[in-house]
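Next come the structures, one after another.
Note that subunit A is present in both complexes that follow, paired respectively with subunit B and with subunit C.
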Partner chain A sequence: MNIVEKILARASGKSSVSPDDVIFANVDKVMIHDVSGPGVIKVFDKLKKQGISVDKLWDPTKVWVAEDHFVPSAEKVSAENIVKLSNFTKQYGIEKHFKYGMGQYGICHTLSHEEAMVMPGDVYVGGDSHTNTTGALGAFACGLGHTDVAYVLLNGKIWFKIPETMYFKINGKLPDHVMAKDLILKIIGDIGTDGGAYRTMQFGGSGIDEMSVESRLTMCNMTTEAGAKNGIVESDQKVVDYLTSRGATNVNLVKGDDDAEYSQIFEYEASEMEPIIAKPFSPENICIVREAPNVELDKSYIGSCTGAKYEDLEAVARILKGRTVKIRTEILPAAISIYKRAMENGLLKIFLDAGVTVGPPTCGACCGAHMGVLAKDEICISTTNRNFPGRMGHVESQTYLASPQVAAASAVTGKITDPRDLI
Partner chain B sequence: MQSFHKVTSIVTPLDKVNVDTDQIIPKQFLKLVQKSGFGKFLFFNWRYDENENKKSEFILNDSKYDDSHILVTGDNFGCGSSREHAVWALLDYGFSVIIAPSFADIFFSNCFKNGILPISLDQKMVEKLQQESDPVEIDLEKQTVKTSSEEIFFEIDPYQKKILLEGLDDIAQTFQYEDKISEFEQRSKIPSVL
Partner chain C sequence: MKGNVVKYAQDNIDTDVIIPGQYLKVHDYAELATHAMEGLDPDFHSKVKEGDFILSGKNFGCGSSREHAPIALSHSGIKAVLALSFARIFYRNAVDGAFLLPIEIEQDAYDGISEGDEIEIKLSVNEIKNITKNQTYKMKPFSEIIGKIISAGGLFKYKPDQD
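Let's look at the complex of A and B:
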């Protein structure tokens, strides 16, 4: 069995499973946030009306809550949702509620690794499509709708059809200034936004071994944009060290069997990769940065679960050090812990000296919520994950998806820029 | 959840592929958690201009389709964000059947939790249906799509068929067996964590 099959077999108490088997899996962790949480509360209200008891959750210690999409609240509806969420966690005795303004908080997917909430081998589900991110730790991680999340909260289980696995073997090492984001955009460009539909996208090979845990998180995060059920990387010592340094104990490695089967195998030579962007209005609409359209950018946005981890900010700082930005540039670290490290290590000073506005952790403008959304006709280069029409603001705004280094280099020139041409 | 058996109406052809949930219901409406009323925000940016006037060229604004319950659209419908609001908006607007060559995974699953029947048919059939001007009958029991000229069989998972026919989502369905579940839990040897 491959790693996903092994995890799901264990979680369903079966000795083996194969693609297309339907199983009922025990869930190890479940996450809700300030959009899916109120959605779940709505489902609970509906169930109550039907006379179904929703007095108790299956296991409040396995549930955790993030505030990220609409915080800090910009208006009263968002504020009310946060109050609703707080009442919910209080009522059900959920202790892991990361509240803004009270120490660590941030984007849910970022907290999943920053706070070592998920372990290799876990079945982890969340009320958000980018839950796939956390598969980089060697877990089976996938997003669910609100009704399914409500079901898990009450029962601790959910059914899955065992997905087929597409294996992406990455050979070699990415060149300087080429990041995991470039590689995953290339893959999405090749297979399309439905290329991974109801399948696992597993990444392996020497190129993945070389990669940091945070780069692997970027890879898995974007599997959602290929329509994949989940993304996954087999855990190794890097994952153990990463989680242990964040307070986890007894981290076990989980790997597939030597004779694991995959429905398709794709091979990529990392050393041949180049910086890539996805043009409006689809993540599959890619081109090489050096062949990008010569557009005047209005904005550079460095944020989100995809592109504002510590390593991303470090890469941005290397570009911005001693330079100034030519267009409006925002950096929103994805969690308070990242923000703090950026402060301690002098990154914030580099950003501020370059003229950047540094904002609080939040999904912010990535989902067009607040904190610098785009006006009509504005053109933005962004480290986020989606560029559908209106995703980051006005429906006639445009977003180019890019790596943190490309977004930073472009901030300096005001044009879509390959970081190698800046240096 | 409303049970689903049969629907007869004209189809609304939406000739687009990769329709994502940001287009089905834009982010500004996600904050709303009222029980219903998401229908008026369905395809908001396609239906309305900046001043919230109806855009006459968008198909949903053609009054001919006001009573349509069947949306016929392109590949990978419902991709992107997992927001269940997308399904709530389609249902509240009046669509109970969506026909496409393929659907995005989370969206597809969300349909069954809310009483919408998503039907996958091959590309040619979908294109043909988009041209159909007479009412089309969808019969879930028989698993057929009937037009003025032909009757087409569609596939559906038996369990998903059952929950739509009975109008029970997974949760309601499970709680029908609450006694048995508690009994099983007492005896279960499956550890939740290894």
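Let's look at the complex of A and C:
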């Protein structure tokens, strides 16, 4: 069995599983946030009316809560959602609730790794499509809607069809100035936004061994944009060290068998990769940066679970050091722990000296929620994950998806710019 | 199930156009319905009737896990979405929450059915009848688990132990 089959077999109490088998998997961790949480509360209200008990959760110690989409509260409706979320965690005895303005908080997917909330081999579900991100730690990490998450909260399990696994073998090392974001955009461009539909996208090979854990998180994060059920990387010593340094103990490695089967195998030479963008209005609409359209950008947005981890900010700082931005630029570190490291290591000074506005952790404008959304006809280059019409604001705004380095280089020139061409 | 078709002849209708991100904070189902399809078709809410169907291309509902998407369509009156294929979270949200039926169709139905056509969905024989044009198309049958959850009336009413 491959790693996903092994995890799901273990979680469903079976000795083996194969693609297309339907199982009920016991869940190890579940996450809700300020959008899916109130959605779950609404489902609970409906269940109560149907006479189904919602008095207690199956295991509150396995549930954790993030405040990320509309925080700091954008207006009164989102403020009320935060209150609802607090009441919910209090009522059900959920202790792991990362509240803004109270120490560590941030984007849920970022907290999943920053706070070592998920371990290799876990079945982890979240009320958010980018839950896939956390598969980089070697977990089966999958996004679900409100009804499914409510079901998990009450029953501790959920049905899955065992997915086929597409294996992406990455050879070699990415060149300087080329990032994991460029590679995953290239893959999505090749297979399309439904190219991974209902399947697992597993990444491996020397190029993945070479990558940092944070780069692998970027790869798995955007498997969602290919429609995948989950993204995954087999855990190694780097994952153990990463989680251990964040307080985890007894981190076990989980790997597939030597004779694991995959539905398709793809091979990429990392050393041949170049900086890539996805043009409006689809993550599959890629081109290499040196062939990008000559548009006048209005804004550079460096944020989100995809593109505002510490490593991403370090890459941005490398570009912005000693330079100033030519267009409106926002940097929103994805969690307070990252914000703090950026401060301690002098990154914030580089950003502020460059003229950037540094904001608090939030999903913010990535999903068009608040804090820097786009006006009609505005054109943005962004380290986020989606660029559908209206994704970051007005339906007639445009978003180009890019790596943190490309977004930073473009902030300096006001044009879509390959960081290698920055003088 | 009979109704008229609202056709979006394109692939990749995503959750950001089905219900834009700014409404994710809204959890009132009737209010969400007033913003359904706003990112693509601002007239949708006024033109759609109870019992209507949406017809579209590949990868319908791609993007986010927001259950707001099937909720907004269902509370606008949409009983089923017919598409060449669906994105996975939209599909399972529609079924597990019992909001609407996601029906996978073949190219003949996609090409044959026009905006406004009256159709009848016959689940028992996996057929779609185009009453307006007097044509019949096959729909792809639901997988076993999906069929059972739909018959039960959603995931919470489905009892796997009684299988």
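As a working rule, the second predicted complex is superposed on the first by the 422 of 423 C-alpha atoms of A that agree within 3 Å, B and C clash if a C-alpha of one lies under 4 Å from a C-alpha of the other, contacts with A are read in each partner's own complex, and residues count from 1 in each chain.
Here is the rule we use: a contact is a pair of C-beta atoms (placed from the backbone, for glycine too) under 8 Å apart; a residue touches a chain by one contact, two chains touch by 3 or more.
Fair warning: this is a prediction, and the values are worked out from it, not measured in the lab.
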Side-by-side fit of subunit B and subunit C on subunit A, or clash: clash
Contacts of A:N26 with subunit B and subunit C, given as first, second, both or neither: first
Contacts of A:L47 with subunit B and subunit C, given as first, second, both or neither: both
First (subunit B), second (subunit C), both or neither touched by A:Q91: neither
Contacts of A:F388 with subunit B and subunit C, given as first, second, both or neither: both
Set intersection of subunit A contacts, subunit C complex versus subunit B complex: 35-36, 38-39, 41-43, 47, 50, 52, 69-70, 77-78, 81, 127-129, 143-148, 151, 193-194, 197-198, 227, 229, 282, 367-369, 386, 388-391, 395
Contacting residues of subunit B [partner subunit A, same complex]: 18, 20, 22-23, 26-28, 30-33, 35, 45, 50, 75-76, 79-85, 87, 102, 104-107, 109-110, 113-114, 169-172, 174-175, 181, 189-190, 192-194
For the subunit A and subunit B complex, residues of the former touching the latter: 10, 12-13, 26, 28, 35-36, 38-39, 41-43, 45-47, 50, 52, 69-70, 77-78, 81, 84, 121, 127-129, 143-148, 150-151, 154-156, 193-194, 197-198, 227, 229, 282, 367-369, 376, 386, 388-391, 395
Touching residues (chain side subunit A, partner subunit C) in the complex: 22, 24, 34-36, 38-39, 41-43, 47, 50, 52, 69-70, 74, 77-78, 81, 127-129, 131, 143-148, 151, 159, 161, 193-194, 197-198, 227, 229, 282, 367-370, 373, 386, 388-391, 395
Touching residues on subunit C, where the partner in the complex is subunit A: 12, 14, 16-17, 20-22, 24-27, 39-40, 58-59, 62-68, 85, 87-89, 92-93, 96-97, 143-145, 154-156, 160
